[in-house]
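After this come two complexes, each holding subunit A, first together with subunit B and then together with subunit C.
Moving on to the complex of A and B:
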C-alpha cells in the first residue's frame, strides 16, 4: 500500500476529488495547509498585522491506496490540479506498512 | 436481578404517566422499599427508632428520581444513639445487593452542618432533604439547621459559588448551544436548577418568576428517556434521533433530532436566563460588585451615593433610568404610547453594560409591535443596540425571552434556537446571528456604513428558518425587513447584497483561481462598489468568527483577503473620474446667502429637529457651535457644513437626549456669546459630569486621511459616539491648525462616521506632514478617556 500525499491549489480541490472518484477511490483526507515552494509568498498588511511569513494557502490531500493503483491516482491528481502556472503544488507517495479499519478491525487492503 | 430493579424498570417505562408522575412514583417506590429496610434494620439492631431519621436528599429528596439516579440518602442520628453502624449496614447492604447506585452518609446534625459549612455540594443536597423513615423531627431539624446556616452565610459564600458555576460553564459549555449537550452539567442544565433553588432559598436574591419550572420538567423528561436506554446525561449525536422518537409525548409524533434539540435548547435558555438574572442580583447583593460592575455603573453608583430618598434613579435616555444596577423605565414613561422606548431602553442597557430589569422587559413587550416603517429613533436605537458589542448579548437574550425580537421582526421566530447539527457550527442560528453582529462591531471602523454592517450581520442567515437556499430566501426577506425598518431604497439594496452574497467571498476565494480575471469578474458582477465590498468583507470575517474554529482559520482568511485586494485593485482602476456633484441641503444654500451676525433657526424634523446656523466664518467656528449643541444636551445625528465667501452655513440634525428641544432664542444667544468669547464652551463642557457617557465598543477609533481632493484634505473619523465628541474632534482640528471648510457628520446608531474637509490657514490642502500631525492629534483626542 502507498500513502499518496498531494499539495495543490485550493480551488483545484473539486477537480481533484472528481478525478480520483472516477478511479473508484472513495476516501481521502483533506486539510488546509500553508507553505511555499519556488512560488514564494508575498507580504501583506491586514488589520495592522503583517503577513510576513510568506506562506501561501494550499490544500493537502492524503489517500491510502493499493500499490498497483497508486500510479493512476497520482496521474489523476496531477492531471486535475495542473494549471501550468507556478504554485501548482507537489504529489508524492510513501510506503504504508499496515492499515486497520477502526470500526471493524479489518486490516490491510480490506481496510481501504 | 431483583425485585426492586425490576419494579423501577417497569415504572420508568409506563407510558400512561407524565414524566413528573413517573419520577414521583419512582421516588415513592424507593421510599416504600427504604422504609421497610429501615424498620427491619432498627428492629434487628434493637435500636431506638426515634433517634434515627433516614433522609432523602438531592433529586431524590425533590421526588425527581430517574431510572439512572443514585439513591441519595443520609442516615441522621442523635449523638447519643447506639448501634448506629449496625443500623446503617442493615440498610445499605440490601441496596448494594440490588445493584442500584447508592450515595449515602451517616451523620449527626452537628456533623452535617459543619460539613455543609465547608462544602457547597452538601448544602445543595440537604436543602431538598425529605424524611423517608424514622424521626420526622430529627430530619426536619437537619433541614431547618442547614437552611438557617445557608441564609446566614450566603452573603459571604455566593461569590465563591458563582465562581464554581462559571468554571463549570467554561469547561462544559452552554447547554443551549452544544451539539451534544450534557443535560446536567452544562450551563442552563439541571445543575443550575439546583443552584437557582439554593439562591432562592438564601433569601438574598429575588429569582424571577418565569416558566422555568416547565423547562426543568422538559430537561428531566429528556434525561429520563436517556436513562431508560441505559445512557447517562449526555445527548450524543448518534442517539438523538432515537431519543426524539422515544419522546413523542413531549415532541409529538415523527419528531426529528432537530425538534428534540430545539426543545432542549429553548428550555435550557429559559433556565440560563433566570440564572443570569439571579447571579447578577446575587453578586450585587453580596457587596462584591467590582468584578461584575462595569465602569459606568461604578461611576454612577459613586455619584448616587449621597442620596437618602430610596434608590437613586439616574437618567440614561428619554424615559429610561438606571436603578440599583438595572435599567428600568422612568416614572413618567409610557410604554404603550412611546414606541421608541423599547429599543431606547435596550440600547441604553447594552451601551452601559448593565442588565435590563426583567420586570421592565415585561413592560416593554407592551410597546410591540411598533408602527412600520420604523422612525429614525427606533432605527438608530436598534443600530446602537446591535453595535454595543458583547454587552448586547444579554440584552438581546432578555428581549428574546419576552418575545420582543419576534414581535419587532417576525421572521426571527423561525430561527430561534434552530439547531445547526454540524460540527462546523458552534451556535444555533439565532445565536450565530447575534455573535456575528458582535464580531461585526469589531470591524465597525473598517467600513463607511457600520449601521448596514450591523443590520446585515444580524440578518445574514435569517433565511435558514425557511425552505430554499437561505442566502436567496434571506435576501428577499431582508428587502421586506429593510423597508419595515425604514431604511432608504439604496440602503436596502446594500443590505440585500450583503445577505444574498454573504458566502460569495469564501466560496470564490477557496474554489476559484485568483489569477484568472474571470474570478474577479465573478465578484464584481455581484458587488457594485468598494464600499459594499468592504462591508461584505467585514461581514464575511464576522460570520467566520461566529461559526467555529474550522472556519475562522488564518488560511481561509488569507485567501479571502487576497481576493478582496484583487477586486479592490480592479474597482479602483475601473472607477470613473466623473463623480456626481453632491446636492447641498436647502438650509445650507439659504444660510450661505445670509449676511450680518450669526443667526440660528430651529425647526422640527423627523424624530428630532433641524438647526441651521449662518455666521461669518472664523477659525474654530464648527467647534464652537458643536460645543453649544452639546451644552444644550442635543445629540448630533447628522450635519452638513459648507463655507463660501467668508460665510459659514451649518445644517444640524439633532435629537434632545432628554425631553423637549431647547429654546431657539436661548441657543442663538449662546452661539453668539460663544463666538464673541463671552461663553467658554470648553470650560462649561469640562465641568459637566460624564455620568451618562457611553462605553466604547470593542474596536479602536480610526482616523483616515484622504489627499485625493484638489481643494482640501479629507479627515475621516470613525469612532464610538459619546457626548460632546464632535466638539472634541473639531477642537483637536483647531489645535492642529487646520481650517474646516466643510463637513459631513453622520451618527449611525452609536457609531459616528464624520468627514471633515480641511485646509491650512491659507486655504491650501494640508501637506503630508501637516495631515499626519492632524491625524495624530485627533487620534490622541479620541483615545484620551
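Moving on to the complex of A and C:
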C-alpha cells in the first residue's frame, strides 16, 4: 500500500475530490496547511505598513491506496489540481507498513 | 421640563454608550488573537472605574461652579446628591440627564487611550492610570471647555473657541495622553520588524460601524436640544465621515496600490473625530471638505510612528490627536453662520483670523497639558507598581498572563483539560 500526500491550492479541493472519487477511491483525509515552495508568499498592507506573508495557505490531502492504483490516483490529482501558475503544489507517495480499520479490526487492503 | 429634549438626551446617552463596546471591537480586531481580550478589558475596565469616579466627584469637577479658570467645585455635585432634585422651573431637562450623557464621554475618552498601549501594559497599572488621568486631566479639561473654564471664557477680539462635541476635550486630549504613555511604556517586543497583523478585520469594521452609529448621539446630542442644530450636527456627522473614508481609500490606492477595509474603517473614525468639534458650525459642503482633508491627513499621519519610532499600536495619535487638531483648527476657516445662526465665521466666510487663533490656543493648551500630565502619571506608575509586562508573558500572550483566558476556542484538538474546582486558584497555581 501507498500513502499518497498532495499539497494543493485550496480552491482546487473540490476538483481533486471529484477526480479521485471517479477512480472508486473510498476515502481521503483533508487538512488545512500552510507553507512555502517557489511561490514565497504575498504582500499585505495595513495602514500603509507592508507585511510579507511567507507562509501561504494550502490544503493537504492524504489517501492510502493499493500499490497498483497509486499511479492513477497521483495522475488524477495532478490533472485536477493543475492551473499552470506558480504555487500549484506537490504530490508524493510513500510505502505504508500496515493499516487497521478501527471499527472492525480488519487489516491491510481489507481495511481500505 | 421639555420631555422631547429629555427623551432625546437620554437616547443620546445610550447611543454614546454604544461607542464604548464599539471602540473595544474597533481596537480588538486590530490586536493579534493572543491579546484581543486584554484590549476589550482595558476599554471596559476604564469604563468601570471612570463611571464610578464620575458620580463621586467627576461631574462636580467638570460641571460644578467654576473656581477660577481651571476646575469646577469638588463639592457642588459630590456623590450626585445635588443632581437628584427634579428640574427647576424653566429648565429643559433634569441635571441627571446631563450627568448620564456626559458620563459616557468621560468613560469613552479614557478608553481611547488604550489603543496606543496594546499587548504590553499591566492591567492593574492601566486601571490606576485610567482613574488618575480622568481625575487630573479629563475632568478639569471638560471644565475648561464646557464647564465655564478658561477655554470657554477665552475671547480674542470677539472670537470664542468652538468645540461643539469634544475635538479638544475628548480627541486631542486622549491622543496626547496616548502619545506620552506609549513612549514611556516602550515598543512592543519585535515592533516594527515582527509582523503584527490585525487578527479580525470584520471585527474592526463592526466596531467602526458601532462607533459611527453612536456618534450621532455624541454630536447631535451635544446640541442639548432636539432641534435644527441637532439635525445639522447629525447630517454633518454622516457627510464628513463619508468624505473621510473616501479620502483615506484614495490615499491608499495611490500610495499602496489597494483600497483596504482597515483603511475604510480608519477613515470612518478619522472623519468622525474631525467633525466632532465642528458638526454644528459648518455647512454640509463644509463638512464634506473637512472630511476629505481629515481622511487624507490622518491616512498620512498613521505612518509617522514608523519614522519617529513610537509604538502607537492602533494610531490613537494619528487618528484622534491629528484628526482632533484638523477639525478644531479647520473651524478657523470653515465655520459658517449659515449653519449656526448668529454664530461665528471662519476666514473662508469672511470671519477674522482671531477665530483660528483661539482654536489654536485651545488645541495646543489641551495637548500640552494632557501630554505632560499623562507622562508624569505613567512615570510615577513605572517607578512604583511597574507598567510593563514581563518579556515572557508579553510574547506568550498578555491575555493568558493577565486574565487566564483564551479568546478563541476553535476546533476540538487542544481543548482538553481537567476541571480544577471552583472558587480558588488551584488551577492557576498548578499551571505556574
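Simple rule for what comes next: the second predicted complex is superposed on the first by the 102 of 112 C-alpha atoms of A that agree within 3 Å, B and C clash if a C-alpha of one lies under 4 Å from a C-alpha of the other, contacts with A are read in each partner's own complex, and residues count from 1 in each chain.
The rule is short, and it goes like this: contacts are C-beta pairs under 8 Å (C-beta built on N, C-alpha and C of every residue); 3 or more make two chains touch, one makes a residue touch a chain.
Because the structure is predicted, anything quoted here is derived from the model rather than measured.
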Which superposed partner A:57 touches (first subunit B, second subunit C, both, neither): first
In the superposition, subunit B vs subunit C on subunit A residues touched: B
Touching partner for A:13 - first (subunit B), second (subunit C), both, neither: first
Contacts of A:29 with subunit B and subunit C, given as first, second, both or neither: neither
Overlap of subunit C and subunit B interfaces on subunit A (superposed complexes): 44, 46-47, 51
Residue ranges of subunit A touching subunit B (in the complex, touch as defined): 9-11, 13-14, 32-34, 44, 46-47, 51, 57, 83, 85
Residues of subunit B defined as touching subunit A within the complex: 446, 509-515, 553-559, 561-562, 565
List of subunit A residues in touch with subunit C within their complex: 44-53
Subunit A-facing residues of subunit C, complex: 192, 195, 197-198, 252, 255-258, 260, 262-263, 266, 299, 302-303, 306, 315
